[in-house]
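Below, chain A partners chain B and then partners chain C, in two separate complexes.
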Partner chain A sequence: MSDLFSPEMLSFIAAALRSSTPVLLVVLGETLTQRVGVINLGVEGQMLVGAITGFAVTLASGSPTLGLLAGMFAATLLSAVHALLSLYFGANQIASGLAVLILGAGLSAFYGIPYVGEKISGFGSMAGVPLLGPLLGQLSVSVLIALLLTPLIGVWLYTTRTGLAWRAVGESTESARAMGINPLLIQWLGVLVGGLLSGLAGAALSVDYTSNWIENISSGRGLVAVGLVIVARWNPYLALPAALLYGGSEALYLRMQTWGVGVSPYLLSTLPYVIPLSVLVVTSGRLRQRGGGMPEGLKAVFKGS
Partner chain B sequence: MKGLAAIVQHSSSRGALSALLFTLACLGFFWLNGHQPVALFREMVLGAFGDGYALSETLVKATPILFCALAVALPARLGLISVGGDGQLYFGALTGTAVILALGDLSAPVMLPLMLLGAAAGGALWGALAGALRARIEVNETISTLLLNYIAVLLVDYAVHGPWKDQSNLGWPATSPFPAGAILPTFFDTRVHLGLLLAVIAAVLLYIFASRSRWGLGLTLLRSNQRVGRGAGINYPLNVLLVMGIGGALAGLAGIAEASVIQGRLQGGLSAGYGISGFLVAWLAGQKFLLIIPLAVLMGGLQASADSLQLFAQMPSSSAVILQGILFAIVLAVGGRWRERMVP
Partner chain C sequence: MPPTSSRVELRRLSKRFGTVQACAGVDLHLGAGEVVALLGENGAGKSTLMKLLYGVYPPDSGDILIDGRPVIVDSPRRARALGIGMVFQQFSLIPALSVRENLMLAYPGAPWWQGSSAGAWSRVLQRLETLAPEVHPNSKVAELAVGQRQQIELIKVLNLDASIVILDEPTSVLTPQEAERLWGMVRQLADSGHTLVFITHKMEDVMACTDRVAVMRNGQVVEECRVADTTEQALVTRMMGGSLSEDGLRIDSPRPRAHRVWMKNISATRQGEHIRGIDLKLMPGEILGIAGVSGNGQHLFADAMAGLVPLTEGELIIDGEVVVGPKMRPAIAGRLGYIPEQPAVNAVAGDLDLTINAALGRFKALALFPDWDAERKRTEELINAFNVRPPDPALAVGQLSGGNLQKLVVGRELATPRELIIACYPTMGLDAGAAQAIYQALFKQVSAGACMLWISEDLDDLLQYAHRIAVLHAGEIVGVIEAKQADRYSLGTWMTGGVSSSQSIAETAALDP
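== the complex of A and B ==
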């Protein structure tokens, strides 16, 4: 048992939490989006736009806080394109999400070129905080934000009137309308909040996690997150363990490289995709039997037309 | 709005409206980046179709896009949304290269069919994997194909950094150059290769089989009503495997053709987003196999013209990605169901 709390183990858990954080934020946002009956694959592109905007603003202003806010704003704007296409124009949600993904990838690569190779300092260490310093020193500001948001979103979704309204819209827009709710408004909000959190995720990645910008920095984290929403059963509380599947595998493969395991780093780097996909596969059987908590309004999208 | 909605009822005018809006968007994009919009647009069109060389490069880019579009349109016959073109392309290149490395120096008439078969088998496996997950346990095929894309790219990285790396490359991660027998024939002193011909034949065959054969009718029936289709004795899981597998095989051919003709060896960066461009083409064509052919050429032109944008206006190649995203958004907006609300 002593091994479980050894310094190596604690630093591994901290590393897993740090690399889970961007994914966790996207899982939380996409969970809310899907809870109102909309799927958005564009989160990957929104993360990229959030990451480059956050990085550029941090570099220009010297303030990582301003960077995170700017990243959230930019990604929310991009998510509005998905809302407009799918909710106003009635386009296929999968296709519309992919259009946003392409746009985000193109825009971030195009406007990100001058920032390749630049360095920023980010938030700095929290090791100086009294009492909690030794623990917090291993984490970072965005990890704390994500860990706080998880229960907040859970409590909001399951216990408040507005949370109930959002869930009602995702189950049936007809009965939500009968309850006096404006389903279209809530679906717009669901997409935009998902956009906001994906932007925070992207900015957390470039400003707080890597402190640099490279093209396609998110490398599929947003898409993994969309898969993990299903693993987490559209439940914000389960978003953390689901996101740890990604972060844990990433931390594990980085750790294995330093151990000098005789396996190619390129093979090990498939783990953050292979493990979430495998868990999605393994848990799908149960999802099929009991519905697994999929919002009714999503079923038409998921089963294909 | 009502007048506009009435106009976009007709599919031909929808196409014209999309083309007009896309042209305006291109002009706007160039203007925003401080360029002479009309002059640069002219360079873009000339860069794609202006002379024999430009046209040949457009066809070179159109080839993998055409293959990947077919890999999207065939599964769409069953209502499946596969975005796995890139992964199938990479995995096909991997297995095709394995055949080449195993056989060594053979004459082209023996090598080429085996190499193409190896690539098709690999692509088919990668596509059928997502198909099996969908058919057996209802794992959403869009998500699984997207994740499998990343895995296939990393597997090629692994092969060319590791076991297949040619040490004489001085650290450059790639296999040794393919033997002469493993290079697909090209036409008229250009880089246009046999792959284009194969892709066009595949599109025509798919059109014939999908619209004229019992199998194609079965797919249509399964798509419109799974229960009735199954009742008529059509096997749904088998057909999901088939459409994903055949689609994957075609994307796999694109992969080995890129490695063989364009790179001359296996190395990373095989696909310039051909999978997603193919997805866009299939969507623009309304998943119609024959319409995919000219649209793939137009999309190839858009990608090829990115080179001239870079040359004349120093615009990075990602401008082609932005323009594709804008085009997709326009087509989705014009083709959406909103007009049903506007016109009674």
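== the complex of A and C ==
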């Protein structure tokens, strides 16, 4: 047991939480989007737009808070493109999501050129906080936001009228409409909230986690998150352990490099993708037998109707 | 009936759909605390009349009076505000959510915070406790039996403060035991002052729980009387109007010689659903009915016999030849006709036209470049023989109505003489005329020596036409009985598993009122 609380172990857990945070935020947002029966593959592009906007605004204003807000706003705007294409024009959700992904990647790369190599200061350490300082010093503001949001979203989804309405819409828009709910409005909100959280994730990545900008900074985290939504069975509470699969394996592979493991670092760097994928494969067979938990409305997306 | 006691009065209500006069100047009174049966064949206009009252369609002419005052019911929302509720055959429950969540979702006064301490729960769940105490509020709707789902649907409607409740063919999906439970609930509601309309075509519903009966035929009420003042026979005569003859539907007894079809010890598995050790033999010209509550393996059994699901064990033997078995390519082409459930999904490609869909029945016999002119001619013959409307071979099959699509599928599957016919709910949702045409086509092949496996939930049909009835429960055959010796009650007990396992016996006991 002493090993669990050793300084190395604590710093490993903190590192895992830090690298999980952007993924966790996207998983939460995408869970809500998919809960209303819409799949949004564009989260990767929204993350990138959130990251560059957040970075640029922080650099210009000196306020990382303003940066996070700006990133959220920009990504929400981009997610509105997906909502408009798929919900208003009735485009295929997969195609529309991919279009948003590529658009976001392109926009962020183009407008990000002048920011490559710039440095910002971010939120600064929380080590000075009384009592919790030694623990919080290893974490950051965005980690706390994500850890607080997880139970809040869970409680909201499972114990409020609006949460119930969202779940109903994801299962059957017809039944929801019969009960006086406006499914289209809720689906719009579901996509926009997903966009908001993916923007927060992207800005957390560039402003809080790395404090710099490089092209394609999210490097597939958004798409991994879409897969992790399935691992978490569309349950916000399970989003945290699912996201830790990514963050934990990222922290692990960075450690393994310093240990001097005789494996190519390029191969090692695939760990954060290989491990969640393996868990997905192992759990999905079992899930299918138990009915899965996939919202009925999502199944319709894959039947092409 | 003095008008003062009328809660609802329908005056000269008419509704026309295209060329069909669904309701032709119907007058009807509904009294407070009264249960009125609306009796009639499919297509008699019963459901349409009640949908006019519930605001689903606007009437072409006529008036609706509630408590003596004329009202305009232009939407279901308006109807609900007037205290009218309707339980449809298609439930609007969400299977993935729990019973309590479904009830709360439909509750108009639902609070924002719905934690377990919220006071609204007691009001939402009150009727569940009195009317269906054996249903646990935390169960998922997906886990409930059909009868229980219907009770939840009814409670949803009652929670809207509906004092006038319309039930649309409520017993058509229920086992006899579940139906009896529903009759009890209906009486309970009437005693507490509710007005109920019970749409049905079953005589036993009328006799069991209604005060008054209105018989509809061709969009008109042809008879209205107190149930106590009439007899079943009189009502049947009024309902049928003598128009429907049963002459074309005589079935010969099977030829008592060697078995023709042997389903030998069949087991199969698909997505967590199992059938186990089914062993049945059919004589030439025999109709074997498979009864059972939907979801007990019927669909899997039918698909397995049609060679669509690999068998884990067992063989289908026709005339001494194994045609379906484990690890073999099914040799059923031309020998077996399969009418699956939900033909719109399982039997046709909806975006393709009638000609292609009809030709798909003999896919292997088609040339690499099929002669489409010949196929179109064949399809036209099929369309004429089975009266498919509209008669256009180039129309996409998805455009056909349910009944016409069913006729096309039956026509395709019975195009040539078959050795085994598997029919799942072949007349579901069809009007009496169309159903009779399909029965005739099926029974003609049976008379010529085909065996027929008939999967149905409608015990009346099976009792009337099948030679023997086997009951499928939880993937196993729990009993086989000569139709002449069968009665609805023992079949119903088998259907709910009353024989095979002790746990199911407890469930059956719980269903008994």
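By definition in this document, the second predicted complex is superposed on the first by the 301 of 305 C-alpha atoms of A that agree within 3 Å, B and C clash if a C-alpha of one lies under 4 Å from a C-alpha of the other, contacts with A are read in each partner's own complex, and residues count from 1 in each chain.
Everything that follows uses one rule, which is that contacts are C-beta pairs under 8 Å (C-beta built on N, C-alpha and C of every residue); 3 or more make two chains touch, one makes a residue touch a chain.
Owing to the predicted nature of the structure, the values given are computational and were not obtained by experimental measurement.
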Touching partner for A:Val224 - first (chain B), second (chain C), both, neither: first
Which partner reaches more residues of chain A (counting touched residues only), chain B or chain C: B
Which of chain B and chain C A:Thr65 touches, first, second, both or neither: neither
First (chain B), second (chain C), both or neither touched by A:Ile102: first
Partner chain(s) touched by A:Asn216 [first = chain B, second = chain C, both, neither]: neither
First, second, both or neither for A:Glu296, with chain B first and chain C second: second
Doubly contacted chain A residues - partners chain C and chain B: 288
Parts of chain A lying in touch with chain B, wherever the complex brings them together: 41, 81, 84-85, 88-92, 94-96, 98-100, 102-107, 109-110, 113, 215, 219-220, 223-224, 226-227, 230, 264, 266-267, 269-270, 273-274, 276-277, 280-281, 284-285, 287-288, 302, 304-305
Chain B - residues contacting chain A, complex: 78-81, 83, 133, 137-140, 142-144, 146-148, 150-151, 154-155, 157-158, 161-162, 276, 279-280, 283, 316, 318-326, 328-329, 332-333, 335-338, 340-341
For the chain A and chain C complex, residues of the former touching the latter: 159-162, 164-165, 167-168, 171-172, 174-175, 178-180, 288-289, 291, 293, 295-296
In the complex with chain A, residue positions of chain C that touch it: 77, 92-97, 101, 104-106, 110-115, 142, 271-272
